[in-house]
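The following block contains the structure, expressed as structure tokens.
To keep things simple, chains are lettered A, B, C and D as they appear, and every chain counts its residues starting from 1.
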Amino acid sequence: MSAILVVRDLEKTFGSLVAARDITISVPAEQTVGVIGANGAGKTTFINMITGHLKPSKGSIWFEDREITGKPSREITRLGISRSFQVAQIFPSLTVFENICMAAAIARRAGGVWGNIASPVHSGAATAEAEATIELFQIGRYRDTAANTLPQGVRKLLDIGMAVVGWPRLLLLDEPTSGISIEEKFDLMNVVMSALKARKITVLFVEHDMEIVARFAERVLAFYDGTIIADGTPTETLDDPRVQELISGVRLKPTAARPGHA
Amino acid sequence: MLTASAILTDGLVYAAYLFIVAIGLTLIFGVMKILNVAHGSFYAFGAYGAATAVGIYTNADWPAAIGFLLMLAMGMAIGLVLGIILERGILRLVYGKDEVIIVLVTYATFLILEDVIVLIWGPQSYAAYQPMVSAGNIEIGELVLSNYDIVLVAIAALLAGLAYWALKFTRYGRLLTTVIFDRETAAAFGVNVTLVYTVTFVIGAMLGALGGAVMAPKIAVTLGIGVEVIVLAFAVVAIGGMGSIEGALVGALIVGICRAAAVHLVPQIELFVIYGVMALVLVVRPYGLFVRAQPRKI
Amino acid sequence: MGGRGQLAGGLMFLFAAAAAPLLPDWVVSLVTIAFANALVVLGLVVLWRAGLVSFGQALYYCIGAYAVSLTARWTGFTDAFALVLIGGVAAGLMAVLIGFLLARYREIFFAMLSLALSMILYGVLVKSESLGSTDGFSVATPTFLGYAPHRDALGLALYWLTLGVDAIGAVLVGVYFRSVAGALAAPIRDNEIRVEFLGVSVTSIIHIKVVVAGILGGLGGALAALAIGHVDPNMAYWTTSGGFVFVTILAGAGSVAAAFVGSLVFEAVRSFAFDVMPQLWQMTLGSVLLLTILFLPDGLGSLVARLKRRREAKS
Amino acid sequence: MSHRAIVIRWGLAGLAVATAAVAAQAQPTAPAATPVKLGIVSFLTGPAASPFGIPGRNGAEIVIEALNAGKAPAPFNTVGFAGSKVEAKYVDEAGSAANVVTEFRNLVQRDQVDAVIGYVSSGSCLAVTPVAEELKALTVFYDCGTPRIFEEKARNYVFRVSPHATMDNVAAARYLLAKKKNVTSYSGINQNYAWGQDSWRDFVGAMKVLAPKVTVDKVLFPKLFAGEYGAEVSTLLTSKSQALHTSFYDGDLEGFIYQEQARGLDKRMTIIMTAGEAAIWRLRDKLPDGTIIGARGANGPLARDTEINKWFQKVYTDRYNVPPTYTAYQMAQSLLGLKLAYEKAAKAGGKPNADAIAAAFKGIEYEGPAGQVKMVLGDGHQGITETAYGTYRFNKQKKEPEIVDIVRYPAECVNPPAGIDADKWIAEGMKGAKCN
């Protein structure tokens, strides 16, 4: 399996503050990677650099053998990297369908200024794509509901759906279960992960809940103080004494993984 | 040298005028995020009120100083009444709507008040020159300065000082600063935002009317004086940064000096020097000199 | 904006075109000016959907008008179709330039900067004695592909021209609203970050909106110049822009047709107020604006939507 | 117009828009005995209302009332216009050119007025002219000053009894040079819009012709309705000029006078106000003695002491408690001129149409409150009159403003002859001026 994402010696400083350093990883295609770490450990900074929201101070990022270091986020999105947000970023005054269809039309439009003007939003292809994505994320019953009245879980699914509708090859999920009640978390992640698997998308997801990480990740990166202190299978990483001491705090049995593990 | 000192004094006088009309506007914007077009009406009402007051005291033959104070008091009283009516009667109904919609509400109010002036004072113009004429003038070198202009500068300086003191050292001022800084938090900490709004709007209205009152002796009080003031005050506030008191001060000084320099040196460009400066400042600092762009968070 | 809406719009357009010869002259000229202004309002609707309000739209209106009259004056060229096109292009080019600056701004700052720019044009025109300063100058009587009507026939020709340009404009704006660039209006107002992360430059989308609104403003100004027969710098003054924003609020941003209805209602109310209360017309207009905002926050256009909803609820 | 009539008409208009067929009935045909309808347009709101618009409207009201009662002095003592009562409709001139043109069309096409008298702003006059010509609507401009109207093109239906503004500045230059022999340089402060720019250009042109050695010093063009003139006054205080030309009026004029007086500018230079007369009743002792005052013609206190002037002064002052200022005079002159033309045309029998009245109006001469009018320029469409300038003095005994040292200039001395543009006439040395 060739690597879809390669990161070398990545570093980000804000003045004298080091937000990320010495980050070097390689992610093979279609892998599902969990990212853990305390608040301020550099997880979101890492994601922001890959998606172009922040410019790295040092190091390089390669996506599908093409260097994308420091490119603007719009361009990176067009290359095939999407992201979702800790707080769902949707268009509250549009319905679910309109949200997704908008995202689909944007992803399918031709390039340049003229592409924006000449591409219709409700083209047959974009509409079909939107309907399929709604189906995939099982939010069909909310299809015509205004987004500002959606329950939290559906907002999250919509947010991720909008990131997925353009067929990205790499998806970065920033705390997909934040703000979701414990009972709903697993259901939500089941829907998301099966959808992403169905589309063969490589996933990096930031998560605080170790049970979720253990259950859904094939590989786990542990961040501490701006750098990666452990990288391996869920069992390896979560059993790492440093990770236990600095991040998870309590010992957790990775064997708790239940059947249905994706 | 003569020209330079003339530019400086003229600029200062004009800046004083601009600051007095702009401070109320920027205060209301800072606290309430309302760009108040009706500020021009406050100015006009203040000027008409002052003219009425001057008429009363001229007929009664009172000393000039009392007349001047009566004039200011009348202007501020009109601002008070008008401010309360507008805030309680109209603005209250549209809080929470889009900023731009509220601008239009104040624009509608401005249109209505323009005709209310006709209904109250009629279409004829009024004179209120007595305080200025009785103030006399002084000669400094070759320049002759009107004492009234010096009073104007003093009033502007006093207002600036007062605003600084009130915002820094009074309970209410600190409250305002909190609301300007973060409205939600202020509300969460139990600040009565509704009351703050009413008081702020009324103070802003009184300041606008005060501007009209102090200018009344220098001008003919006539229909349409409010229109000119609105755009002028907008320009000053936009240059300084909307909602910033020190911005209004610096904006007024910049515009005042630039305009005076234009009149003395290149009178052809006087007409658009203000808008030119405004566009230039906005290009370099989109939010004005004293307001920093707020970074957006994800 | 379904097929039914387009059909209704088309029928209304045909009716308006057919009814003209039966209408009194003064109504024809009033409607002509109202429909010329409606294009400017349509431009403001394009911006307003994205949460942007321009207090300087009179800039493009004025450029369109002056482009028409100057072309006719300097070249002696009087074909109405070409002149209107020139007006639109001139304003559009200006909008392309201004867009580079303006597209970075939002909210009240967008409004203020556009106001400053239009006031600079006003100042320049007032200063230009060769262009008639504040008095402005007259616009040559237009011809229509060689046809040179006069009096009533001229009024009708201008009316039909305006209606034609409006119809083309309305259809094109409708198409634009259904494109990615046009539909990215509420999304931009709602959440610019999401738009950026979907891979679109918000700045360039707003730039496009500024240009579309500018072209519409220029076309409106060009038609108005021909209909009025005179141009002056007041066309760029901020109160002119304020009037257009007024109509936009009155009309609402809900549909393309609302801009036309709103503009017509405004012109009728204004003329009525001038007729009945010559000294209190500002109060009348202000009250109408205030009542609209209070009781019809989505404008006249929302009345239709409300009716439709009621009918749907019944059936 | 009664309230009911308005309601009915707007109702009809609404119907007309909805069901076009009704429209034909919304335009009643006028039987011969119906009154003569006039549209009177002037500023009723905004800054120009108080100095110009309202006195103009007042002048119209008082004259129309007198005409309808048949109480005006001869030869205007017939009732109304040729026996028909005059009905006036007053409209605001405020707003954009589009508004002004729309309201003009409304008057002509909707209200079916027989003639329109009005317009203060030159911009309004220029905008209305082509429409009036196109609609064949008889229109008399009463106050606007731009010479361009009849110089750009020959007009058929548009008239202006009041002389254009060129006269004001040519006469101002003549008066200044006659009275202040020591002038070596002069300055000017005029509003930055067409009226101010044109006034200054004409004045400078006339001065160049009459006294080529006198130089121009400061040239100031503050914004219209600026209100604050501190910097301008300072600039002028640093000037060595002996005279200051200004075409300021009303609000701006008063503001400027208050502000310059507080700093003693008038002690250093003589101020020439080409439109100062309208302000004397308000400024009174605040207007500096020695100021040179014009009234856009021999209007107001500069008018000759004729019977008709005494009559006009009296009826106006009795009604409005102030003496009439020049816009009131111009309105009276315009109305009386139109009356004569109408009656001349009506002699042919029946109600005259616009063409007949226009034909009768061309080139007439008559005497109004402001003196003898001769419609000689613009192919008989533009009037000229004599003009006068004087020096202001506040009479402390009578507590009344006075204008003394009045010099009269015959019409032919300060107006271009027929067939030559005003600008050109001045630039080429004011050839053919007959001053005695």
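Quick note on the criterion: a contact is a pair of C-beta atoms (placed from the backbone, for glycine too) under 8 Å apart; a residue touches a chain by one contact, two chains touch by 3 or more.
Note that the structure is a prediction, hence the values are computed from the model and not measured.
Student: Hey, what chains does chain B share as contacts with chain D?
Tutor: Per touch definition, common to chain B and chain D: C.
Student: Count the touching C-beta pairs: is B-C or A-C ahead?
Tutor: B-C
Student: Which chain's mean C-alpha position is the greatest distance from chain B's?
Tutor: Following the centroid criterion, the farthest chain would be A.
Student: Counting in whole Å, what is the centre-to-centre distance of chain A and chain D, each centre being its mean C-alpha position?
Tutor: Computed value for the inter-centroid distance: 76 Å.
Student: Averaging over Cα atoms per chain, report the distance between chain B and chain C in Å.
Tutor: It comes to 33 Å between the two C-alpha centres.
Student: Report, in whole Å, the distance between the mean C-alpha point of chain A and the mean C-alpha point of chain B.
Tutor: A distance of 52 Å separates the two centres.
Student: Could you work out how far the Cα centre of chain A sits from that of chain C, in whole Å?
Tutor: Here the centre of chain C sits 44 Å away from the centre of chain A.
Student: For chain D, jot down the residues that touch at least 2 other chains.
Tutor: In chain D, residues 44-45, 192 touch at least two other chains, as defined above.
Student: Could you check chain C for residues that touch two or more other chains and list them?
Tutor: 126-127, 193, 279, 281-282
Student: Using the touch rule from the top of the page, what residues of chain B touch 2 or more other chains?
Tutor: In chain B, the residues touching two or more other chains are 114-115, 118, 123, 268, 271, 298.
Student: For the complex, give me every residue of chain B touching chain D.
Tutor: Where chain B meets chain D, its residues are 2-3, 6-7, 9-11, 13-14, 17, 114-115, 118, 123-125, 127, 129, 132-133, 135-137, 142-149, 215, 217-220, 222-225, 228, 259-260, 263-264, 267-268, 270-271.
Student: Which residues of chain D touch chain C once you look at their complex with the stated criterion?
Tutor: 6, 10, 13, 16-17, 20-21, 23-24, 26-27, 44-45, 90-92, 94, 96-99, 101-103, 105-106, 108-110, 122-123, 126-127, 129-131, 134-136, 146, 148, 152, 192-195, 197, 201, 224
Student: Give every residue of chain A touching chain C within the complex, in rising order.
Tutor: Checking each residue of chain A against chain C gives 51, 73-75, 77-78, 82-83, 89-94, 102-103, 105-107, 109, 113, 115-122, 162-163, 166.
Student: Which chain C residues qualify as touching chain A in the complex?
Tutor: 176, 178-184, 186-187, 189-191, 193-194, 196-201, 204-205, 208
Student: Within their complex, state which residues of chain C touch chain B.
Tutor: Residues 51, 53, 101, 104-105, 107-109, 111-113, 115-117, 119-120, 123-124, 126-127, 192-193, 238-239, 242, 245-246, 249, 279-283, 285-287, 289-290, 293-294, 297.
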